[in-house]
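You will see subunit A twice below: alongside subunit B first, and alongside subunit C after that.
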Partner chain A sequence: MTALGRVKQWNTFARTWHLFDAKWQNPIESGPTVAKYLQGLHKPIFHPMSECGDHVVVINTKDIALPGDEWRLRVYFHHTGYPGGASWTKAWELHDKDPTMVMKKAVYIAMDGTLQRRYNMLRLHLFADERVPDEIMQNVTNQIKPLRYVPPSLYDYSEEEIEKFPKIVDYPHDYVIR
Partner chain B sequence: MFGRIISFSASNLKALLPASISRCTRQLHITAPVAVKQIIETRKDKQLIIEGVYMNSPREETLLRHNEDSDACAVCRLNVEIKHTDVLILSQFIRKDGCMLPRRITGLCRLQQRRIGNMVAMANKAGLMTSLLPRARERDPYKRRKEHLKFKVYYDESTIKPPKDPFAPRKLVPKDNWF
Partner chain C sequence: MVFPGMALLQRAKGPDSFWKKRRLFRLTAHFRGRNRNVWTLVLRNVKRALVRATKGRIERKKDMHDLRVTRITAAVEEHGFTQPLFADGLNRSRVYLDTKVLADLSIWEPRTFKALTHLAWSKTFKDRVEGVDEQGTPPANVAIKDLKDS
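Let's look at the complex of A and B:
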C-alpha cells in the first residue's frame, strides 16, 4: 500500500474534522453539502448501518445570505402541542434571536428522518463568528469548498484600483461631473 | 456664459466676483479634476478675462476601445454577462451620491439601462456599493438597517423585467367577446 493510500484509509476510518465558512452562503443550498460529510456519504465504506460520519465545524453563520425577499418569506413553524400553540417565525426573526439556528435547521432538514439523524447532528459544531475554541480548531484538517462566490464590496478596492479599471462609457462632452 | 470673454474693471472686481460665481454654481467649478469644464482667469492690465474651457475627460485613458462602425450601445457591444456583484463596472454608471445616471448621459439602449439600473439597486441593497463618497468607505452599510434588511441578501439577475416596447403591435381582442 502506498503512503497516500494509507493516509486515505486512516481518514476513512477515523473521524475527520471539516471546516465550512458560511459567509455569503445560502444555508438552504449548503445544508445538503454539510449533511453529506456529517453522514459519511463521501466515504467509500459508507453504509447506513455503519456509523462513519465526520465532524463539521461551521463558522460565520451570522453572515449567511438568502436570495431576494427570503428573509421575510421563509417561515419556521412550531407547535407546542396545546390548542392554539402554533407559531410561525420568520427567518429574519429567528436569525435575530440565534444566528446559528437557520443554518442548523437547514442541515437538519437536509438529512433523512432516521434514528441516526440526532446523532449526526451532535457532530455539527456551529459558531456565529470566527471565534472557535482552540480545542475544536486544532482537530480541523480539511476545509469544505464554499458553494457561492463571496462578492467583494466596492470599498474592498482602493481608489486607485477603481480609477484604473477599464471604463465602458465616457461622459458626454459638456457634462459636469457630480 | 461660455465661449465669451467677460471683462471687468479692476475697481469693481471685489464687489462683483463672489455674487456672480455663486449665482452660476452649476456650470462654474474652481477645482480642476471635478469638472469637465474649467475656468481660466487671465489678468491683463485693468482687465480680467474669465474663460470656461472644456477639459479632457478623466476616463480618457482607461476607456475601452471599440469598433466605431457598430450601432450597439456600450454594454451590448461588450457582450459580457454583468452581474449585480460586479461593482467595479456598476460604479461607472452612478453619480457620486450613488444615484443612477440617466440614459441621456450613459447613452445605453433601453434594455441595458433598465438592467444596469436594477443591478445598481441590487448592489445597493446587498450592501456592496452605496456611493462613491469617501464617508461610504468607513460606514458599515448593514449597521443602520432594521428587521429583515440587516441581513445579507443576493439577487438573481434573471428576475429583471425588460422594459415595455413602445412600438410593439397591440394585441387584437375580438369585438364579439361579450363575457
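Let's look at the complex of A and C:
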C-alpha cells in the first residue's frame, strides 16, 4: 500500500471526536442527532456489523431546554428488582440530582435496543458545564451544528454596543430604574 | 439360489433409505442439539430452514437496499443536502444511477459524488422543488442550463 493509500485509510477508519454544545437545545431532538454520530450513521462506510461510531463530547447539559411542561410531566421510571421497588422520578428532580442524566437518557432512547447500544454509550462523554478535562478536549476535532439558534443575551454584548443601540427616548435624570 | 417366476415380478424397491436420509442430514449438519440427528426433527426443521432460506433471498435484497440508502444519506448530508431531494434531483437531471452505484461512488469516488450532489441541488433549486429552500443557497458554478427539462 502506498503512503497516500495508508493515510486515506487512517482518515477513513479513525475515530473522530465531536463536540456538541447542548445549551438551550431540546434533548429529545438532540438525542437522535448525537446517536447518529455514536452509531457511525454519518459515514458512507457505515455497516451495522462494523463498529464505526465516533466519540461525542456533550457540554453544557445543565442548560438543556425541554419544551412546554415537559420538566413537570416527563417521568423517568426505575425498578430495583425487589417487590415495591418501582420509582418514578420527574424530569426536574432528575436534573437536580444529575444535570447530565436527562441528556444521557435521551441519547440512549434514540438508539435501537441492540447489543451495540451499551458500547455506543461508552463513547458518549457528558459534562454539565464547559469544564472538560484536557485529555478529552485535546481529541476533539469537529463540532456538531446545534439544532437551534442560541440568541445572545444582553450580557453577551459589550457596553459600547448597548450604548450604540438606537433608542426612542432617553430616560430623564430623575427617573429611577428598578 | 434362483427365483424364477413371481420373484422377478416384484416391484422394484426405492433407493436405499440410508442415502435418502443422508441427503437431509447433510443439510442439518450445522443445526443445534437433536435437530441435527433425530430423523423426525430433521424432516420438520429442514423444511422450515428451506422456507426461511427462500424468504431470506428476498429479504437480503431489501436489507442491502436499506443499507445503501443509509450510506447515501450519510454522504449527502456531508454536503448539507438531503437524500430525498438528492434522488429527486438526479431523476430530474436524467442521471439514472441506482443505489448500488451511488453508494459505491460515495465511498470510492467522493469528489464525483459531491459533484452529483451539487447537480441535484442546483436542479431541484431551479425547478423550485418543495423543501429545497430550507437547505439554503445551492452551490455556485454548476452549469445546468443545457439540461433538457424532463
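Criterion: the second predicted complex is superposed on the first by the 139 of 178 C-alpha atoms of A that agree within 3 Å, B and C clash if a C-alpha of one lies under 4 Å from a C-alpha of the other, contacts with A are read in each partner's own complex, and residues count from 1 in each chain.
In this section, a residue touches a chain if its C-beta (ideal position, glycine included) is under 8 Å from a C-beta of that chain, and two chains touch if they have at least 3 such contacts.
Everything numeric in this text was worked out from a predicted model, so none of it was measured.
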Given the superposition on chain A, which partner contacts more residues in subunit A: subunit B or subunit C? B
One more residue to check, A:Tyr149. First (subunit B), second (subunit C), both or neither? first
For A:Ile168, using the defined touch cut-off, is the partner it touches subunit B, subunit C, both, or neither? Pick first, second, both or neither. first
Looking at A:Thr80, would you say it contacts subunit B, subunit C, both, or neither? Reply first, second, both or neither. neither
Contact-wise, after the overlay, does A:His42 reach subunit B, subunit C, both or neither (first, second, both, neither)? second
Is A:Arg72 touching anything from subunit B or subunit C once the two structures are fitted on A? First, second, both or neither. first
So, A:Thr2: does it touch subunit B (first), subunit C (second), both, or neither? neither
Of subunit B, residues touching subunit A in the complex: 26-27, 29, 34-37, 54, 57-60, 62-64, 74-75, 78, 85, 87-89, 91-93, 95-97, 104-108, 123, 126-129, 136-137, 147-148, 150-156, 159
Can you list the residues on subunit A that touch subunit C in the complex? 41-48
Mind listing the subunit A positions that touch subunit B in their complex? 24, 26, 63-68, 70-72, 90-92, 95, 148-149, 151-155, 157, 161-178
Quick check: in the complex, which residue numbers of subunit C touch subunit A? 67, 70-75, 77-78, 103, 106-107, 110
